[in-house]
Amino acid sequence: MREIENKKLLTIIAPGELQRMVVEQLKKRGIGGYTVVAASGAGTSGLRSGMLVSDSSVILYVIMSEERLREVLVDMDQFMSRGYRVKAFYQDISILPRKEAKPKSGEAVTD
Amino acid sequence: MREIENKKLLTIIAPGELQRMVVEQLKKRGIGGYTVVAASGAGTSGLRSGMLVSDSSVILYVIMSEERLREVLVDMDQFMSRGYRVKAFYQDISILPRKEAKPKSGEAVTD
Amino acid sequence: MREIENKKLLTIIAPGELQRMVVEQLKKRGIGGYTVVAASGAGTSGLRSGMLVSDSSVILYVIMSEERLREVLVDMDQFMSRGYRVKAFYQDISILPRKEAKPKSGEAVTD
Amino acid sequence: MIGSAASNLLDPAVLFFVLGAGIGLLRSNLEIPSALARFLTLYLLIALGLKGGAALSTGGLPAEGILAIGAAMGMATFVPAYAFYLLSRRIDPFDSAAIAATYGSVSAVTFITAQQFLTARDVDFGGYMTVAMVLMETPAIIMAVFLATMVRSRQAVAKAASAPEYDEAFEPLSTREVLREALTDGAQLVLIGSLVIGYLAGTEGKEELLPFTSGIFKGMLAFFLLEMGLLVGRQISEGRAKLDKALFAFSFLSPPVNAAIALVLAYMIGLQVGDAVLLAILASSASYIVVPAVVRYAIPEARPGVYFTMALGLTFPFNILIGIPLYFAAAEYVWP
Amino acid sequence: MIGSAASNLLDPAVLFFVLGAGIGLLRSNLEIPSALARFLTLYLLIALGLKGGAALSTGGLPAEGILAIGAAMGMATFVPAYAFYLLSRRIDPFDSAAIAATYGSVSAVTFITAQQFLTARDVDFGGYMTVAMVLMETPAIIMAVFLATMVRSRQAVAKAASAPEYDEAFEPLSTREVLREALTDGAQLVLIGSLVIGYLAGTEGKEELLPFTSGIFKGMLAFFLLEMGLLVGRQISEGRAKLDKALFAFSFLSPPVNAAIALVLAYMIGLQVGDAVLLAILASSASYIVVPAVVRYAIPEARPGVYFTMALGLTFPFNILIGIPLYFAAAEYVWP
Amino acid sequence: MIGSAASNLLDPAVLFFVLGAGIGLLRSNLEIPSALARFLTLYLLIALGLKGGAALSTGGLPAEGILAIGAAMGMATFVPAYAFYLLSRRIDPFDSAAIAATYGSVSAVTFITAQQFLTARDVDFGGYMTVAMVLMETPAIIMAVFLATMVRSRQAVAKAASAPEYDEAFEPLSTREVLREALTDGAQLVLIGSLVIGYLAGTEGKEELLPFTSGIFKGMLAFFLLEMGLLVGRQISEGRAKLDKALFAFSFLSPPVNAAIALVLAYMIGLQVGDAVLLAILASSASYIVVPAVVRYAIPEARPGVYFTMALGLTFPFNILIGIPLYFAAAEYVWP
């Protein structure tokens, strides 16, 4: 078996309407891979049932290196100080590294 | 950027029918913020497809301080000894603290 | 309250079509318990909107002991070297142990 | 009777149930999103309620209807009582209480399928049968909760003697909490509400709703039965919850027994044949939506792998495939 | 008027709204999957658009229609202006800007319910009213964004004086970004697209779609109102967002005031009674889908717990239950 | 032909596809819940199967139908063979095998849209064409798997020579496992099952289902095409998977070539014009639901970013917008 790598898992809880904004910000940092899950919940701004677009939440998971994490955290901090109601936290994870990419024609490469 | 805080992330896997019970218990401990995701799965009690209300699972995520966690764990332990089939586990997380709340009229404050 | 146990949480991000394959592999390792969440996302193979079966992702969460984890990681590594596009990573968790099973007739026992 | 059973098996909705079960048994990776099944459940409850309410508002509540409702309530009390009595001698008493509630209550989808069966054969039935159905849920749950409370206090006494420290953790729910749960169950409230709306809404309102409640109804039912078949097929092929033989027997024997009792009762109180068949279905079907949802909360000690599997995996297909035509044939044989 | 209100309350769709609110207030654990509500939202927008487009393609755009659209646009500019002026003296200016946008814009579901109300009473209205509805969204949002930008630069000046380091973090969105968001909002595009398709599609295409857009429409609306009722009931029973009294008053008073202004305007420009009632509904309703979605992005400083709660939790039920029959009664009283 | 293409573009379902694509290209944040798209997929498969089965049960399977099915199976074998032969000289052989399977198989939604196109023009076609469609899936997949196995063993030999330790990890799926996956694919089983049910169900059963399978069908198709358009638009605007030029060419050229071959074949064996057009659609369309789902499992070495994008992002819109009217015009020109 190949060696396990240490990475960071960043979790962002955001209103559904802000998903696009967050994803585009990630892209600016060169991060094209992420996983999204639809969620509901509650917080200081009340219930978020997920039933209306204007009332929905998502959880975004982004696996990345520590260096990139630092940049993205600064972005998220900026978002929060502008007033956006996102939550961002991270953890250490141990991950099976991706298969060594054999370069092929026809597909772009992301993080 | 602001300083990162250390918190606990409690994850509770519960039958959908018990979500209300868990959330009300959290409220008793002064915790009003949580995030819920619909899930399916399997375990000793068989498949849980999520297709019927009587057959559904949810994952609840609750970010909190270590002190609160202790209380909530006692509650979950109680639930389990009464027979409720919940799973509860926690992890350390590093989180961007919430924006300092400038108190405004019109909105309540939760955890 | 009962003592907290230390376990591993394995997270597998996989195309929806491969869920059955992964679950059957887990079963071969004696693991019958898992939790699944529907997801969408993006990566090197493009957007995965979740809108078509052929375009869907799932996140599988599996709680297990360190010994079992080692076996399952080997399996996942195998899958990846065959070309399957799964992501697998793990973390430490602290969990409330399951209620001591009082053996009853009528229900099978899983991990 | 054979003709009736065969033609039931050629009903598209029933065929879709068989298809779903086949797909589940083949362990196909067909994934039906849970939101869809929930949608169809709500749809069926709404349509059932609206139709029942509309029938009530035109047909009223004749003496026959009151008798039918009374008989239904009787069955909803008698079935859990005898089920618990029989089962608790053999299996875990909490499981017994949960099964008692499940079989004392009803399966709305079985009821709907039986209504379709009767309609296809031009057999009439009253809107009050839907009221009977609604009213059967609560007594069954309340009985089960009282049974569980009884078991719990017995066990607490036994435990306090042997292991006094365990006692503390043991704070069962108050009856008030359980009743709140039972009475505020979502599916139940939607059904009752739709019944009332169907009763209140003017003729015009009803007609506007027809394409939704009647036009596409059969198709939606077929779709839902496909999903339920899939669920049943998966449960069986998974075969995790290895049931006790006594429970197997109960799943297949109690339905015809309960149906027979219901038919005798119906005959004695003079119901028409359609109502009698529906009463038999109410008595013989087991709840796999509302009751398990409430019981999981109210009797956590019972194992859903047992009562849910019996109701959905065994009794439900039995009634859909065999029970409905069987009880109908029996009724047709007896009724003048 | 009382008769009209009572018969509105017996409309099944409205009754389902009441049912949902009741279930929500009872804190039932009824869980309606979010995918279902999104499905119904899209369905209603598509059906609304197709019908409006079809009506336009047959009825054309008479002078009356252009006047109606002009009046609607006027209301969409005037309402946010006066709302902001009044509110910002009392509450947070960002919240004020967000509320201004919300009330300047419209609620498509209220509009649809009002159309059903009129149709049930055989009152005619023009397809251009749907165009008017569509066009009201954007001016309200743009006004609100300009108001917020104004507030922001004022605050930035104030802050720069007191806490110069905070300034940096403060990079509001460019107007271009906000406009992109407002103009590419999904719900809005689906509605506009359906309107155009309804206009373009041949008669045959329209007829083939009828069972989908008209047949099951009332049922789907009833289903959606059940969900919205549930959401409202939960919001109220949750009672988290304790609103300022001024905001309470605004939620219940601004609708009839705006409706009254709209009716006067409609009378002056000579609209027929159906169009007048719809204009009143457009003026008095508040957006809880499109505008909050855009505002959350464009005015992040405002609190959704305030503007979303007001629009959905207070003004929406007010209009569904009281507003529609009230404005209709008023119009019937005045119109010849 | 131009008239036909224009009127195709005015079909509401096609217009909704264009709308969806536009919304996707604008990068709107419209979020269509995945459960909804899955629901619509299942609905369309069920309705397609039921209709095909019903047509079969009345029309039977004439000699013509058997010929059509034979021709379809021929195309499903020939297309993957030549596609692999051409492609594997230029691009990765696993990708080639996957593309071969994709294009050898069919797109049910393209087929349905073509049926609607024909029905709108009163052109008849046989229920056996649905059987032909169902039967085309498997040969294409089996061929592709054999091709991939061939490539794999070739590569294994090469690798074993250069890096013997890598070999171990290399345990491809057994043919049995792959066949199980291909034959138990959920979408495929639902379609086949519905076909059988449509065939078996009595006339009464069929009529009861009509509002569901036919009434709202066009609307549901339009809704689904809106979603597919959105998906296509997003894929294009995302532009992640930068395809090789050869693959671009293949996506747009193979459909008309395959359609032409199919039309010639249809003419030779004497099919009526409607069946001929459908055969052309079957030959020219590429699977983006069933085959990619199976291939992801069976040929993991191939990149979904390539074959899925080609089938859904390029060939599907080509056929919906241009292919259907083009093949129809060609057939009308040739057929007497």
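When the chains are written out, they are named A, B, C, D, E and F in that same order, and each has its own residue count from 1.
We adopt the following convention: a residue touches a chain if its C-beta (ideal position, glycine included) is under 8 Å from a C-beta of that chain, and two chains touch if they have at least 3 such contacts.
Chain-to-protein mapping (UniProt): A, B, C = Nitrogen regulatory protein P-II; D, E, F = Sodium-dependent bicarbonate transport family permease.
Please read these numbers as outputs of a predicted model, since none were measured by experiment.
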For chain B and chain E, chains touching each: A, D
Most distant chain from chain C, judged by the mean position of its C-alpha atoms: E
Pair in C-D, C-F or B-D that repeats B-E, with over half of contact pairs matching by residue number: C-D
Pair sharing more residue contacts (C-beta pairs) when C-D is set against A-B: A-B
Most remote chain, CA-based centroid, reference being chain A: D
Distance between the centres, which are taken as Cα means, of chain E and chain A, whole angstrom: 33
Chain A and chain C, separation of their C-alpha mean positions in angstrom: 20
Averaged-CA centre spacing for the pair chain F and chain A, given as whole angstrom: 34
Junction residues of chain B, two or more chains touched: 17, 32, 37-38, 40, 42, 44-45, 53, 56, 77, 81, 83, 91, 107-108, 110
Residues of chain F whose C-beta touches two or more other chains: 27, 29, 31-36, 38-39, 186-187, 211, 215-216, 240-241, 293, 303, 305
Touching chain combinations (by label order): A-B, A-C, A-E, A-F, B-C, B-D, B-E, C-D, C-F, D-E, D-F, E-F
For the chain A and chain F complex, residues of the former touching the latter: 16-17, 19-20, 32, 38, 53, 56, 104-108, 110
List of chain B residues in touch with chain C within their complex: 11, 13, 37-45, 57, 59, 73-74, 76-77, 80-81, 83, 87-91
Chain D-touching residues of chain B, taken from the complex the two chains share: 15, 17-18, 21, 38, 40, 42, 44-47, 49-56, 77-78, 81-85
In the complex, chain C residues that touch chain B: 1-2, 4, 7, 9, 23, 32-38, 61, 63, 91-96, 98-99, 101, 107-110
Chain A-touching residues of chain E, taken from the complex the two chains share: 32, 34, 37-38, 41, 94, 166, 169-172, 186-187, 227, 231, 234-235, 238, 240-241, 288-294, 296-297, 299-305, 308-309, 312
